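Provided herewith is a single structure, encoded as structure tokens, for subsequent inquiry.
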Amino acid sequence: MTNKMKFLLASCSTVALAAAASADTVRIGITQNNVGIDSYQTTYEQAFIAAAEANPDVEVIVLDAGGDVARQISQVQDLIQQNVDAIIIWPTDGQALVPAVRNAHREGIPVVVTNSNIAEAGMEFIAAFSGPNNIQQGIYSAEMMCEALGGEGQIVQVTGMPGYTTAIERQKGFDDRLAEMCPGVTQLDIQPGDWNRERAQRTMETFLTRFDRIDGVYSGDDNMGVGALNAALAAGRAEGMVFIGATNFAVGYDAMARGEYWGSVYQSPVDDARAALQTALDVLAGEDVPKLNYFDTPKITQENMDQFDRPVF
Amino acid sequence: MLLTRLKAGGPAIAKQGILVAFVVFMIAFSLMSDRFLSADNIMSVFRQSAIIGVMALGVTIVVIGGNLDLSVGSMLSFATVLVVDLHDKIGPELAIPVMVLATLCLGAINGFLIGILRLNSLIVTLGMLSVIQGLVLIYSGGQNVDIADQRGTWFAMFGRGAVFGIATPIIIFGTLAVVFHVIMTTMPFGRHVHAVGGNPTASVFSGIPRSRVVFMTYLISALCVAVAAIILGSRVMGSQNNVGQGYELQVLAAVILGGTSLLGGSGSILRTVLGVLMLAFIQNGLILMGQPYYTQWLVTWAVIIIAVWLDVAAKRGRLFSPIA
Amino acid sequence: MTASREPALRLQGIVKTFPGVRALDGVDFEVMPGEVHALLGENGAGKSTLMKVLAGMYQPDEGQIMIAGHPVQMTTPIEAKAQGVVLIHQELSLVPEMSAAENIYLGELPRKSFGRVDWATLEERANAILKRLKCSFRAEVTVANLSIANQQMVEIARALTVDARVVVFDEPTASLTDAEKVVLFDIINDLKARGVGIVYISHRMDEIFTLSDRITVLRDGAYRGTLTTAVTNEDEVTRLMIGRSLDLSRDEAAPNFGKTMLEVRNLTCPGLFENVSFTVRVGEVVGFYGLVGAGRTEIAEALFGLRKPDSGEIRVDGEAAEITSPRAAIALGISLVPENRKEQGLVLQMNCRDNMTLPQVQALTTGPFVAQGAELAIFDKYRDRLAIKTPSWKQSAAVLSGGNQQKIVIGKWLSMTPRVLIVDEPTRGIDVGSKSEIHQLLRELAAQGYAVIVISSEMPEVLRVSDRIIAMYHGRIMREFDIKDVTEDSLVQAISGISAEAVA
Amino acid sequence: MAYFYQNPVLRWLLRNPIWGFVLIVFIFFSLSSEHFFAARNLQNILVQTSTIGLIALGMTLVMINGNIDLSVGATLALAAAFAVDVQSWAMFATWGNWQILPAVCLALLVGIFMGAINGFIVWKTGVDAFIVTLGAMLGIRGLVFVYTGEQSFYAMNFAYSDFSALSFGPLPVLAVIFLLCVLIVHWLLSRTVHGRNTYAVGGNREAAVNAGIRVGPHMMINFMIIGFLAALSGVLLSTQMGAATPNLGRDYELWVITAVVLGGTKLTGGKGDIIGTLGGVLAIGILRNGMNLMQVPAFYVYVILGSILIAVLFLDKRFNTSTDGGLRL
């Protein structure tokens, strides 16, 4: 037991982020969705911690819900209990966090929602949202797809983990915009890839068997998109197939450079994290912060990719 | 009446509940989708099932030995992240042996706790599931790992290559299945595993080194995971930290579907292969039919229960359990 | 005895078939109030099926059950119990984590409102019953903490919870010491005096002749006749059971002992056995006789590397041996046919051949593969030699009868051609016919030059097979008898500790 | 040493080692985190524990029976979905806050029904409960997705989520419900005929059958109880969220089993009790909460929880078993 305690203490001290507590230090707690599930979230966390360390007046408490809504709710409770100055939440589920956010609101602790937004019902309880506009990203992807196919074709879609907000919003943005803008493009089928490259690859392989003609593939992120691309390459059918993703990953960027991948949406976790922290600080400083703070997530395609740095994840 | 027929005429058929179910499904799917029985599709399903299949071979041996292994999922994440990450750092010719050794170490920990210390395998491997998941994340810092030069490396042959037109994963899976089948049915070690799983006390009374046998089953399981990781890493050319999450249950479902008894002492490698293919074809067939992905869960539910039920019913000679 | 001459229980023409087997074929059986009626038959003769019919666990296909003259239908054990028919099982059917009281009233715990257990009533009643049985423990004790004998008492106490008309005892003495047997027989006589009909099933002839009034014999699921105990004898009963007469005499060809094969000196394992010294010669059968718990099995386990002795020396063929595992023991040429064949001897779902070759499968190889031909040759050899009845080597051991299972285990160890063969309770739970076959086999083995140790709790058995008898009491060797000098009285005294001073 | 065995408190701790562990981590976190030992935090721990805890109560019954239920996480999600969705059914539109009542009732019924299906299959087919519920775990999750159409449901009525904020004196209402269930299930297991039969069925199935206990229906009832408790847990969780998500309760079965095993219930059946299970869930709840407060990084939490599980199993083996009587098996 004593060994375990030492281990506990040791592991805590390695991440001790707290600057010496002083009177004007603000304490901000963050509970993230699922660090480690993909590089985006991990890079986000690192960027967030780095940004906080750079600011001597900020002390942060970094928690991770591991993708479990219930655990995230209890983490919000724990943060309220510790009486932090502000809470940043990356919701595991936009709906389910509303009461927790409402509780924080009642306790007078401002809440900033990051990355994926809380449901409509919770908007009145949050101080601000900071992050990408996932619906808009879906729309961007639909527009790129439409443009790449010239308004005609048959496509398939590989979505993220079923039931998660980001996956749902991107799909919704894409589906609605595509139907509206490009009635000539038909979606053959939609199946999940669980944010997992290998599973996306398997899904795509089945699509390839099932459909003789696939002109385009939209994937919920580049990680899955590259999985789909791998499947098409292996089947020798990648030629002429349009691959559109979202959240440009390094692998997607490289594939784009090779001309195999058509386009994606550029979304930097570093920007995301910095924006979240800054929004929280602005709120605490009493500034007038708008409710919705979307940071820019531009389209990235083979043509304009040299304007962007290769993603670090 | 089914009941009497089960006992009298058709034990040969009834005992092959999985085979019957398999054939029924193949026929049903091929009627509903003309793509289903195409050579391309069958090859693609075989290739897809190789990763789970290779893992299921090892787990079958563990289960015949009377234990469970729930840690294979996170072990797969561990091994894949390791081999992909090391690929660019020390080259594939070193990355593979290092990864295999590291994975075997995890298997040895399982084997030590369960075989030597005799702790309950369900709980130990449940604990290891969590521990290993943590280790992966600590190792990678939570970042995805990728192989930079995806085209140039010979590492690609394991997941993407083909020999005589047959994809390498299928060849690896098939070879291992045959090898393990031969080991389990014709070699002393296989006999020992059956004995230890069937009656650990009696096997000690027969001079069988029970601890060592159980230990070995976990090493084999880890080895299978390592092989699966090579296929997976080479196929994807990258890895996420949770890539194997949930595989342990899919693997176990395949093993159960193959008729291996969770009580230990009986089971067959070849029937596990059938179980793996069955699950893969269900998944594939339903997608081909345009069903939403979650129908496969519902179908799997029914198939597992019916297949195992037939198996159990054939063994006891009556359809329904005699308990009041 | 009661005045009524109506049988307490009467079965007429009971037929019970299972798919492919006619387990009971028109069996008649009756027990009068105040009578002990023994039921005999070889394993597989249909006794257990008949018992299950009696206890309401099986429904007969044909035939009638009458209790006190009235036909009844019993579809569950509870109904049977309500009719006053109680079965005391051979294998303990207790729940270890529950109290004795709860076990006694299992399935019919007294209730209060909301399904609560009425503990006060429960414990009061249970303690009253235990008192009647002269038990020294309270009903509140958890069964897991009781000795085997006391657990058996709990089992018997169950029968007394109802106003039983008929109590069925199925091999009740299998795990009892002699002193405990006396208590049990008192109880049976007590029940008898109160007009309860007793059905008594046992393989032990002596008990049956001590206790019973009548004996009914079953063979192959059919009724073979009823004998009055007072006017019959063991031979007649045996003949009825196995359809032929048994030769119980031993061949008196002068034994020819060779060199000392096993020598044990001052072997000690605290709490189990102490300062045990003995020798076994080639061609000799040494019988270890004693009560359950006297330390005999533990010595065998130590010799077989399953138990680490604290001190002492073991020599095999004159050489000091360090036996740390069964493998080491096997390498030294020691074989152990264990006490409990189902738990220790066999892998039940494995086929007969594989079971038989299990200890040597690693050596029976061509290249890396098991030499299945050689295996089969071994199996065939011992199947013929031991007259094992099985349709095929592929048969799983689970479906064989107890006697054939035991022969598989014996064959397994004989095929190792051991230098020392230890056989622990070679005929436990085996019917008379197979029993004598096994006894004969043990004699033959000795004659062929094996050094044999037989551990047994049955006096006739040790007397029949041994050349020397070692009597044990509380972990110590009390006395060693040459078979020529032994008397039953001196044996009984030695294992009860009476002659302790005399020897020491 | 003699004192050690005579002191009733220590003797009790020796029989329930998990409570010793709970005590140790409790003291440890109280000393090492200023926020841990505070009324609010202790309330939080109780509320956080209640989700896993309610299911663990049912799992204790099922595991004492010698069975296991892997489908509880999915059942929880299905019940939560019903509880939230039914409120918005048109037929209850005019009921005001009372619309919550039929929703909750229906959700609980769904849980009982799912348990009944599992129990019935185990009873009639004789297939191992592990396999039956492994299948059901996939299948019921499939039903959740069919029912929800992959979307999250949310409760329009804030009264629903306000419920979880209520408290009786110092105790939050969720904690009260949990503790009440602890008492009831403890009473059920230790005082009622059904509870005692639970030990009989798990401890010696044959004996139970011979004693006339109807083992099949008995096991089915316990599966229905765990179904009910999983559903209740789902309903309470959904009141905390005012919503239900299709992925709710994933992996909960593993945590529940972990807690129950930590509490001393044997996987082989026949042994275990609610006091131990309560200790098991509190141990996990306190560890999670304490590590949150101390900011142990998520990656290390996995390693620590897994190691503790194995360590407790090891210690239990060391101190509590000597069944082989010294044989070197």
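Read from first to last, the chains carry the letters A, B, C and D; within each, the first residue is number 1.
We take it that a residue touches a chain if its C-beta (ideal position, glycine included) is under 8 Å from a C-beta of that chain, and two chains touch if they have at least 3 such contacts.
None of the values given here were measured: they were computed from a predicted structure.
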item: Joint neighbours of chain D and chain B, given as chain labels; value: A, C
item: Chain whose mean Cα position lies farthest from chain B; value: C
item: Chain B and chain C, separation of their C-alpha mean positions in angstrom; value: 44
item: Chain A-chain D separation of Cα centroids, rounded to whole Å; value: 32
item: Two or more partner chains touched - positions in chain B; value: 137, 142, 201, 204, 294, 324
item: Of all residues in chain D, the ones touching two or more other chains; value: 145, 209, 298-300, 304, 307, 328-329
item: Set of chain A residues in contact with two or more other chains; value: 35-36, 162
item: In contact (per the touch rule at the top): chain pairs; value: A-B, A-D, B-C, B-D, C-D
item: Chain A to chain B touching residues, read off their complex; value: 35-39, 41-43, 45-46, 162, 189, 191-192, 195-198, 201-203, 205-210, 223, 226-227, 230, 234, 249-251, 313
item: Sites on chain B touched by chain A in the complex; value: 33, 35, 38, 40-41, 44, 47-48, 51, 137, 140-144, 146, 160, 232, 235-238, 240-243, 284, 287-288, 290, 293-294
item: Contact footprint of chain D on chain B as seen in their complex; value: 113, 117-120, 122-124, 126-135, 137-138, 142, 200-201, 204, 210, 249, 252-253, 256, 262-263, 292, 294-298, 300-302, 304-305, 308-309, 312-313, 316, 320-324
item: Touching residues on chain B, where the partner in the complex is chain C; value: 4, 7-8, 186-188, 191-192, 194-195, 198-199, 201-209, 265-266, 317, 324
item: Complex contacts: residues of chain D adjacent to chain B; value: 121, 123-128, 130-132, 134-143, 145-146, 209, 214-216, 254, 257-258, 261, 267, 298-307, 309-310, 313-314, 317, 328-329
